[in-house]
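Chain nomenclature is as follows: A, B, C and D, assigned in order of appearance, with residue numbering initiated at 1 for each chain independently.
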Amino acid sequence: MANFKGHALPGSFFLIVGLWWSVKYPWKYFHQKRKSSRQHQYERLEIIEAAIRTLFSVIGILAEQFVPDGPHLHLYHENHWVKLMNWQHSTMYLFFGVSGLVDMLTYLVTHVPLGVDRLVMAMAVFVEGFLFYYHVHNRPPLDQHIHSFLLFALFGGCVSIFLEVIFRDNIVLELFRTSLVILQGTWFWQIGFVLFPPFGTPEWDQNDEANLMFITMCFSWHYLAALCIVAVNYSLVHCLF
Amino acid sequence: MANFKGHALPGSFFLIVGLWWSVKYPWKYFHQKRKSSRQHQYERLEIIEAAIRTLFSVIGILAEQFVPDGPHLHLYHENHWVKLMNWQHSTMYLFFGVSGLVDMLTYLVTHVPLGVDRLVMAMAVFVEGFLFYYHVHNRPPLDQHIHSFLLFALFGGCVSIFLEVIFRDNIVLELFRTSLVILQGTWFWQIGFVLFPPFGTPEWDQNDEANLMFITMCFSWHYLAALCIVAVNYSLVHCLF
Amino acid sequence: MANFKGHALPGSFFLIVGLWWSVKYPWKYFHQKRKSSRQHQYERLEIIEAAIRTLFSVIGILAEQFVPDGPHLHLYHENHWVKLMNWQHSTMYLFFGVSGLVDMLTYLVTHVPLGVDRLVMAMAVFVEGFLFYYHVHNRPPLDQHIHSFLLFALFGGCVSIFLEVIFRDNIVLELFRTSLVILQGTWFWQIGFVLFPPFGTPEWDQNDEANLMFITMCFSWHYLAALCIVAVNYSLVHCLF
Amino acid sequence: MANFKGHALPGSFFLIVGLWWSVKYPWKYFHQKRKSSRQHQYERLEIIEAAIRTLFSVIGILAEQFVPDGPHLHLYHENHWVKLMNWQHSTMYLFFGVSGLVDMLTYLVTHVPLGVDRLVMAMAVFVEGFLFYYHVHNRPPLDQHIHSFLLFALFGGCVSIFLEVIFRDNIVLELFRTSLVILQGTWFWQIGFVLFPPFGTPEWDQNDEANLMFITMCFSWHYLAALCIVAVNYSLVHCLF
């Protein structure tokens, strides 16, 4: 979906997840610290979140497949692969869907070992990065540049989530993950604005060195914004709950 | 062995190991959790498995050496290296054989320190990846691409197994390893089908960008299948034992 | 600031931080070991240090912005990005400022989780490395070479500081971090002397292979010097306090 | 020292260290397990080893500097760097000397924090790898290939030794380190035999693809040999002490 909407949509999705996590994890943390008896309530919350994530992934897959110019579940037709872009996006959604499913099962089925949910989430993030990596070849410099930054957020996130397999319920790792998801969300919006200016603003020169320099710096600003959002929500949760 | 069988054979081998592990580790996990007294039984199982793995490695080495067009243990002959491909495969089998041997010793000989079995297994996987890495130079893009994905499974597995030196008996790391072995198994089959179509189907165009895109996505599907197999077997073991 | 002062300034800054840390962490370590009751005193020290670091970052940003040929907070003007170099340096300062702020909050506000200060510091170091990495393209070999060594110190430091999230108060990790900061400080000075010889000494030939070889070796000497400084200060602290 | 002796010498050095470690660490392990009171004896051993290592490093530096065609401590002379190769080797020795010194201090001076010895050793190995990495540019393929394999042993060793800062006295990590040192030792000998055949055997064709393939495989054989040596010595120590 090489257009503005195609970047705004996943951007909003990740942004919402990140914002929600920046409320959820502090909430859990404070209740654990106070040894409050809300454990049960928290588990229900996790199950609902995972269910919604799974649902949205299914919707995402269906949308990618059945938009008018989508592949309609055809993969190979008359010696040609059909709409591989849509299939790749479906695959990403599929992995996030499975991750949501495993999250649900971790809380619903007692014999699922703790940590499997984090492992599957790490793999979902890895697959997104893996597909992206081979995705961005043969594009103009700015396009490659701006997409490649996502890989930092994705592979960094993958390692951090994998660490949660061993150091579970570490609030700092959870907040780090949260900030990376928010970063991903806002960065998708940024990509949309740069590559497909929506309001009739002039196109960016994709080969201008100064644009590359700006966009590099801009990425770190986005991360700072993500950190601020996490900090504000953390403080709000502390005050209100 | 640049033909279909040469990929189907190791593929089947890894697949069987992976399927077996996806039964073994859950079995161990449930018995440990219930503090059942089957510890002794489990150790016998490990020894038998390791013995079989060692045996198969020996068979593998012999096969690579003494097939009609094999090197018959000649390494250098009349100023030429003899059949280096077969020697490289023998080397890979050799390392897996040693890994099996060390696994056996860990349970049979009390003074072998725990963790050495994992270290040697990590090195066996590393050596496979190492030889592969220098193996795939100078090939058509699709061929390189499809083989290079194995490196993700191999080096990822190497790091994960190395972590087991320190975090031993972590069921999530064990299941992760299991899923990577299954992935390797099915991916070898996939390579066979793509590069040496067995049933007279037409050859793939090795320079077609769309084929590269599909095969990238296909790799993540294989991993998903591996995860599903692990999950199903885990559940079956939970119900039946 | 491609001149001698532009490298001497950050060099001095990092050097001072490193020297201070090489006193502070041993001091903390010895008091912790003796279970002395100076915990309160140490916290006050940390707060003051963090405040000063924040202050200096603000001064750094203001200096970068309002030097005569600075951007004066203008980012985009008449279809051109304004003074992106100064903006990039401001961004680096900004992250270190935020890191100082979070350090302060960790000690002042009780509900900030331990480890967030290390996470933000790791990210500040990462952002410095990240901006540097994309900064040094398209320069003569020696210039690229000499700047790229900073990346070893930065990314090594980033990983080490991230480890402190989990293994907090590990004196060895703290001393390692200290030595890397000192290394960074002295290396900035070295860069200044090599690329912009201050005392009218002749310019270095930027394409001479021997110069590259020397500078590589020189970097390891700097690290050795940093280690010695840390060792000396550690011993002094042990004797005097 | 681009000749046979120049590789045989460091090779023997690393080999001896590796062989000694393959005796020392099992010895320590068995005494720790039996809670024997030989702790004091072990510490004396460590100090003697470290002293010898420091001594040899000093001899190494002096040899590099004062061989007839050495730099005799001149670094820069008439606008030319003097014998940078010798200086680089001196630097490597210097770091190993410092590592030996810190090892000694760890046992002699009580206020040196445990783990600093491992940190400095990791850095010594890193510096060796770092200098090697920039050393091997612009050489024929086989020469580059065969030297670059050392980097696997060096950077792998660096990470593993760094882990010992946190997981000290882990026998598996210690044996891993031992095996890598032996590997380095035998590999230096291999490099000598390949690049500078000592007994009048014909030179290797440095551009022959088959030679590259063989040498890659040969490296993994060396590691296997290193593992076997460690295993044999481990067993001998168990039987004899």
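Criterion: contacts are C-beta pairs under 8 Å (C-beta built on N, C-alpha and C of every residue); 3 or more make two chains touch, one makes a residue touch a chain.
By chain, with names taken from UniProt: A, B, C, D = Transmembrane protein 45B.
Since the structure is predicted, the reported quantities are computational estimates derived from the model, not experimental observations.
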### Task
Pick same or different for copies chain A and chain C, depending on whether their interface residues overlap by over half.
different
#### Entry: Rotation angle (°) superposing Cα atoms of chain B on chain D, nearest 5
90
### Summary
Distance between the CA centroids of chain A and chain C (whole Å) is 31
### Query
In whole angstrom, how far does the Cα centroid of chain B sit from the Cα centroid of chain C?
44
### Residues of chain D touching at least two other chains
none
### Query
For each chain, which other chains does it touch, given as pairs?
A-B, A-C, B-D, C-D
### Message
Please output the residues of chain B touching chain A within their complex, sorted ascending.
### Response
29-30, 152, 163, 167, 170-173, 175-176, 210-214, 216-217, 219-221, 223-224, 227, 238
### Parts of chain D lying in touch with chain C, wherever the complex brings them together
80-81, 84, 87-88, 91, 94-95, 98, 111, 113-116, 118-120, 123, 127, 130-131, 134, 165-166
